[in-house]
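One structure coming up, written as structure tokens, with questions to follow.
Chains here go by letter, A, B, C and D, matching the order in which they are written, and residues are numbered from 1 within each.
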Amino acid sequence: MAPRTPKAVIKVDPQKRPWEQEKPLHNRWHPDIPPVAVVQEGELFRVETVDWTGGQIHDNDSAEDVKIIDLSTVHYLSGPIKVLDSAGVPAKPGDLLMVEISNLGPLPGDEWGFTGTFDRENGGGFLTDHFPSATKAIWYFDGIFASSRHIPGVRFPGLIHPGLIGTAPSKELLDIWNSRERKLVEDGENATTLGGILHTRPLANLPLAKGALLGKVESASKEWDRIAGEAARTIPGRENGGNCDIKNLSRGSRVYFPVFVDGANLSMGDMHFSQGDGEVSFCGAIEMSGFLELRCEILRGGMEKYLTPMGPSKLHVNPIFEIGPLEPRFSEWLVFEGISVDESGRQHYLDASIAFKRAVLNAIHYLSKFGYTKEQVYLLLSCCPCEGRISGIVDCPNAVATLAIPIAIFDQDIRPKKEVVPFGPKLINRGDVCKSTYDGALPLTKNLAED
Amino acid sequence: MAPRTPKAVIKVDPQKRPWEQEKPLHNRWHPDIPPVAVVQEGELFRVETVDWTGGQIHDNDSAEDVKIIDLSTVHYLSGPIKVLDSAGVPAKPGDLLMVEISNLGPLPGDEWGFTGTFDRENGGGFLTDHFPSATKAIWYFDGIFASSRHIPGVRFPGLIHPGLIGTAPSKELLDIWNSRERKLVEDGENATTLGGILHTRPLANLPLAKGALLGKVESASKEWDRIAGEAARTIPGRENGGNCDIKNLSRGSRVYFPVFVDGANLSMGDMHFSQGDGEVSFCGAIEMSGFLELRCEILRGGMEKYLTPMGPSKLHVNPIFEIGPLEPRFSEWLVFEGISVDESGRQHYLDASIAFKRAVLNAIHYLSKFGYTKEQVYLLLSCCPCEGRISGIVDCPNAVATLAIPIAIFDQDIRPKKEVVPFGPKLINRGDVCKSTYDGALPLTKNLAED
Amino acid sequence: MAPRTPKAVIKVDPQKRPWEQEKPLHNRWHPDIPPVAVVQEGELFRVETVDWTGGQIHDNDSAEDVKIIDLSTVHYLSGPIKVLDSAGVPAKPGDLLMVEISNLGPLPGDEWGFTGTFDRENGGGFLTDHFPSATKAIWYFDGIFASSRHIPGVRFPGLIHPGLIGTAPSKELLDIWNSRERKLVEDGENATTLGGILHTRPLANLPLAKGALLGKVESASKEWDRIAGEAARTIPGRENGGNCDIKNLSRGSRVYFPVFVDGANLSMGDMHFSQGDGEVSFCGAIEMSGFLELRCEILRGGMEKYLTPMGPSKLHVNPIFEIGPLEPRFSEWLVFEGISVDESGRQHYLDASIAFKRAVLNAIHYLSKFGYTKEQVYLLLSCCPCEGRISGIVDCPNAVATLAIPIAIFDQDIRPKKEVVPFGPKLINRGDVCKSTYDGALPLTKNLAED
Amino acid sequence: MAPRTPKAVIKVDPQKRPWEQEKPLHNRWHPDIPPVAVVQEGELFRVETVDWTGGQIHDNDSAEDVKIIDLSTVHYLSGPIKVLDSAGVPAKPGDLLMVEISNLGPLPGDEWGFTGTFDRENGGGFLTDHFPSATKAIWYFDGIFASSRHIPGVRFPGLIHPGLIGTAPSKELLDIWNSRERKLVEDGENATTLGGILHTRPLANLPLAKGALLGKVESASKEWDRIAGEAARTIPGRENGGNCDIKNLSRGSRVYFPVFVDGANLSMGDMHFSQGDGEVSFCGAIEMSGFLELRCEILRGGMEKYLTPMGPSKLHVNPIFEIGPLEPRFSEWLVFEGISVDESGRQHYLDASIAFKRAVLNAIHYLSKFGYTKEQVYLLLSCCPCEGRISGIVDCPNAVATLAIPIAIFDQDIRPKKEVVPFGPKLINRGDVCKSTYDGALPLTKNLAED
């Protein structure tokens, strides 16, 4: 018998719906969602996950499924997993839980993924005011490489990672989340701007019983109703890690999670074959089902030793990550810059979000000159291995953000050139991403520059 | 005679004051500052620059010079340089000017640099509410390596780059800058918050005749007064490039600048031996004098071909960068994360600046456990080759920003460890950065968490 | 259904013996070994392989199995696979066959490997005169990482690759092989030196019916006897690729093989979890069973277009390789040098093999000062991701070869240091690799320097 | 005053002849060549060197100067430099001398270099039987990049390094060198083969008074005659380092040299802007004048602690190298393979030199299909950043060597392609390297395959 075959603790069948899986999935954060598996420190174990939407998106040429997706049901997570030390004692609040991602990949037999932008009325994306319609691109995998019939002429190796991985919050931490996010919604919902920014996307996603899946919590019980009513949504990353979407968190990486409940209760999902920094289109990575092989270690008392809370509670902390030694090597990058002046020409104060938005828009416009539609580039920048940097954050009033794109992913030379090189035959009719029919109004675009 | 010896077009003497240099320097952006040199497409030429403060900061153990610096005089730039094509025809508005940085380095005989944080009342920095006092660290260079008596135990290779390089704005573009920055100041100056953010730093730096240095413009003339009164300050990066502080813009990189005036009028300065993404402490890179060897190419009509304006004018564009193939290789990184919840626990909406602030604060607190003061780490993260990433910008309400620090720059293992490793003798009394005596009030810190 | 699930064309069960596998394996090169599978250009397909010894080596603490191994039976290969173009026409002699290694890894459920040195009387290794006994180290895999109870204190990510992959030779090429290798044996067998070098290892491995496994060739037939009598052994790499042991031939790489027979008849095996350049201990990589996901393309007439024969026949060619973009990043290397002066102090003429031998011996001696036995280091350098370079091959009379070892694979700092750092507790009794009892004579070592 | 300006200890003027330099150069190894400079541990110092031929090769379009070069005069070295510890005590025999290459580059005002192959009758090169004539290519530098009018269509960043750096031998070590090299010449001079290899190049370069330059040794003295008669030539690398031609020994690298004489007596020269592993054409790097900024440290007793002699004397050791963190990143490589079968089809026994020769010949033939002459490619592979690897050294009878070439250095895509891409206009008439007229006989080529 092979000694290091990972113990399969959670299996999924991507052909089944999320609630039909053998070990129940969950799509909310709550301390009272019971563990479905137990692992011990040092043990190599394997977790499988469905894609974040639980199979709502299909391999076809219409974005209708992206348009009508029910976002109250995402993300479908595998777990929680209870972690014990080698003596069988669970991780305790105050510990750090080291999780090494020893290996990971697409689920055998399910080697494909999708990237999409949501309709502005149903989730939107970073550039929803420019790209309000739902779109979708399907990616197929040749081993480490991804390519798409909807975005021809690019092929790149994936830096596979879990978009979402985290420990369960304690009740105290959950209350902090709900309270601060509720305040944000209250402050913003009657205003069209928030922090001076027009907001056309949901300000936050507050607890919602509709769509909740709570693992082993008995359904149609009072307990279910209580938990569903207060459990946090999984959309944002928070103190427990969660949906942090760190694109380099791949093979050989380690995460040091704070532990808030007995056993740590680790959950994960939202596997990405590849993602660009920022994951700008929101459904933005190459989303897929997948597997992870993991190994844990408990650092007793590690929260106090290594983390420092910042805020009114001791719980305001963030995990620490250690990036692994395996990453595709790219030698040449084309870099687009943005400053914190918005598309209407208005000056903002050291706003890195706006600077990054400009950098992404600049890149989209530039690349659209090479035979792509802007929608194609928007999706591509969301999922290819591009790097989004905060280059300067101190030179009042302009933050400078940059987006660096590896040149080698394209089958043509995308650098600016002195000579006019006419587009070759392969660039004619590159086709298009698949779209839905958008019927929303676009009141804001009149303020936006022509794009 | 050697055929590729770069033509020395601008020399400086770092022992002289900025206004005593042979070819006059300038510290403002204006189309009417005349060129001091002319180069031709293809020609390799060499430009020397003083440090951005023009010698105001000294190699000693007091931060008093940083505290009292006159920021109305920065940045001292070498140029403008007029660029002709091979037929002698100048670059024209609408062209792109490709500038290749063939080589660059510290000025021979002046191989040292400084990193500082300004006093909160005189410029501040990204974390001025946490670190309101002026501090300073001096760095010495051993060839490609930098080390500091003020931050012992670290040594790293520099990724040398110009913090500031750009073409001259046209009058039309200058007016746009002045107008939008003035509006920002007007909107914000009577409020303590701007975009929901407390602002304790200058909102913008509007035109100011005091401190202006205008190159060949005749001093004590009407022309001088006019130009000084409308010329843009050099602090922020803008459409012309300028102070973009892109840390990877090193040997072998190329920049594609928009051309706004005849001859392009390229200027540069603010050489950095090394900088961290964000340059968080503001005087944040390892600031030095230096030289650049450059080569230009004119892409006629390139602005329309490759750039797309976004805003009410055709001039709202940004340069494009192509990063070179030489970069220090680091295999292991420790990564700190921040989300858009501020230090008081308040939730902000997808604010990457706040998320990055949290990531930096997390890193400072963590590294301060390894024998450093927080001030030392703040300076270190400002100037070491760390990467600031926008990891997620779509998961409402939390933007996720990360700060990745190469582990190899430390002479100790800074990873979280299961066992308690007591600090060795070399860690005791690591000393401290040099400080000024701060006498400002700190009204805001009562709202901030203990750090 | 997922569209890019690789088609499983050859499966193996590592618990079964080589001749019991569902699709018969083979361990000789011959044009008349019939294909066991057919694939089409563009198709993604999956091949599984047993380890090169077909299960002769076991996960235990004795090297007895290495000592008594029957080398007449290696390497056990999966294939041949016949390749057709998209119209169903087979690859033809004169074509190039591009094979992309889209993905590969250990066989699920069999995640371990071994590294060994053979007894000098049974195969030996590069340093057999210094290390005449059989030894063995067992490696377990944590995802991408390997570690061994027999060589504690090291852990490294694998750069997984097939040690052996190639197309079938034509009869004409086979005859060339047999003829030239027979001549070598004849020239050398009655001499103790060959090319001035003592040879204590087999000069070549000529055709041998004993131990042959010939796939679908009917056993106990005249045909079997004929083929077994003339089929080439698989030990050396040759014109068809074969046992080229190129350590970087990992995920995303491509090989352009010459095609010598109809259908190309591609075979492969000898999977390595990791290997050092040179594979010095002979059984030197981390040997394992495994899987490959592959994709082929036929370049019609490519041999003439891209290869140039050198020798009396048109068939004297070599494949071309294109290395993939994924490789562990190591930033720091310790490099050992050797020159073509042998261990007895004798000068040889530009002999890179001797120079490399010295570099490896230097590295072994150096690393043995850090708590390892020399046998442990010999095995380690054989399988860890070290680089063996021919640095200078022209400076008469010394060739210079170097061996570069990534520092990060050790859990201690192995650099030379000014201060004496006493070995810590974890270094005492690091244990040892498992050994066999060697009973051979050592007549040569009296001529060798003390090691 | 700047604190880390390197102390200029040796300056050269490349316009002067070697014997006219201010501090006398030397071109032999001998313990009695007196130091010309003294440095102290920790001190940063600067050494300038002439090119290895001392100005015999010129920037023109004829290879006549390469053909008639006087090789009895090379390499011209700067030094010896005596090294003291911080207390003023010299390095002693038995110590290790750590030398850090903090920075290095071309000599300002002399930014060009040359690559050549020698005439077979005057030095030859690795492939002298294929390329018997003298050829030359001139390279100009644009900062970090090199390009040549003689090999158009390639441009690459240099990995600048000293080809030759070493400590002075003791008399005992010198005697060992002379004795073993003399024996090689005696054994080989009356045979046409040595170790089974045809040798058409000098077997070794024994001491020769003609052409000797001995630094401060008084000329026309008995002492001069004695030293000139026994001093070792500088062509090969040996125990003291010397002409090791390690292409990665660039900025930030360290060498740990054995010390054989009081003060260590460090010398260096033969600066290379770039070199391929193997330096195959012999005058094979981009040869130039240059400067180095260095820092030393003495590890007392380090030879015994870190080196292990192998041979009849305690002096049979080699330096250790630590490669720096700065190297051009190349993501894609085309790899050519060779096995130890020579060009006539003859099988050799595990001979890495022959395998590497085949790999280089394969690469030359392949690249000559892209518009280059074979002579151009031979020169290019000698000096571009290609990697020569010993991939397999154990699979009897074939050693496998590989030559990996970074694809990005070419301005065309050199990968094998399915479609025939006709050479574009820029490939027609790529011109040629400059040649001499060769008048030697070529008796061997009748045995060699057509190339």
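For the reader, a short list of remarks on this structure follows.
Basically, a contact is a pair of C-beta atoms (placed from the backbone, for glycine too) under 8 Å apart; a residue touches a chain by one contact, two chains touch by 3 or more.
Bear in mind that the values here come from a model prediction, so they are computed numbers and not experimental data.
Ranking every chain by how far its Cα centroid lies from the centroid of subunit C, the top place goes to B.
When the C-beta pairs in contact are tallied for B-C and for C-D, the bigger tally goes to C-D. One simple way to say how far apart two chains are is to compare their mean CA positions; for subunit B and subunit C this gives 51 Å. Look at where the CA atoms of subunit B average out and do the same for subunit D: the two points lie 41 Å apart. Once the centre of each chain is set as its mean CA position, subunit C and subunit D turn out to be 31 Å apart.
Contact with two or more other chains is made by residues 325, 328-332, 408 of subunit B. By the touch criterion stated above, subunit A contacts subunit D in their complex at residues 328-332, 408.
On the subunit D side of its complex with subunit C, the touching residues are 96, 98, 125-126, 176, 180-181, 183-184, 188, 194-197, 199, 201-205, 235-239, 243-248, 256, 277-282, 284, 297, 299, 302, 305-313, 316-323, 325, 331-339, 341, 343-353, 356, 358-359, 361-362, 365-366, 369, 387-402, 404, 415-418, 420, 449, 451. Subunit D contributes residues 2-6, 44, 59, 100-104, 108-112, 140-145, 157, 251-252, 293, 295, 324-330, 408 to its touches with subunit B in the complex.
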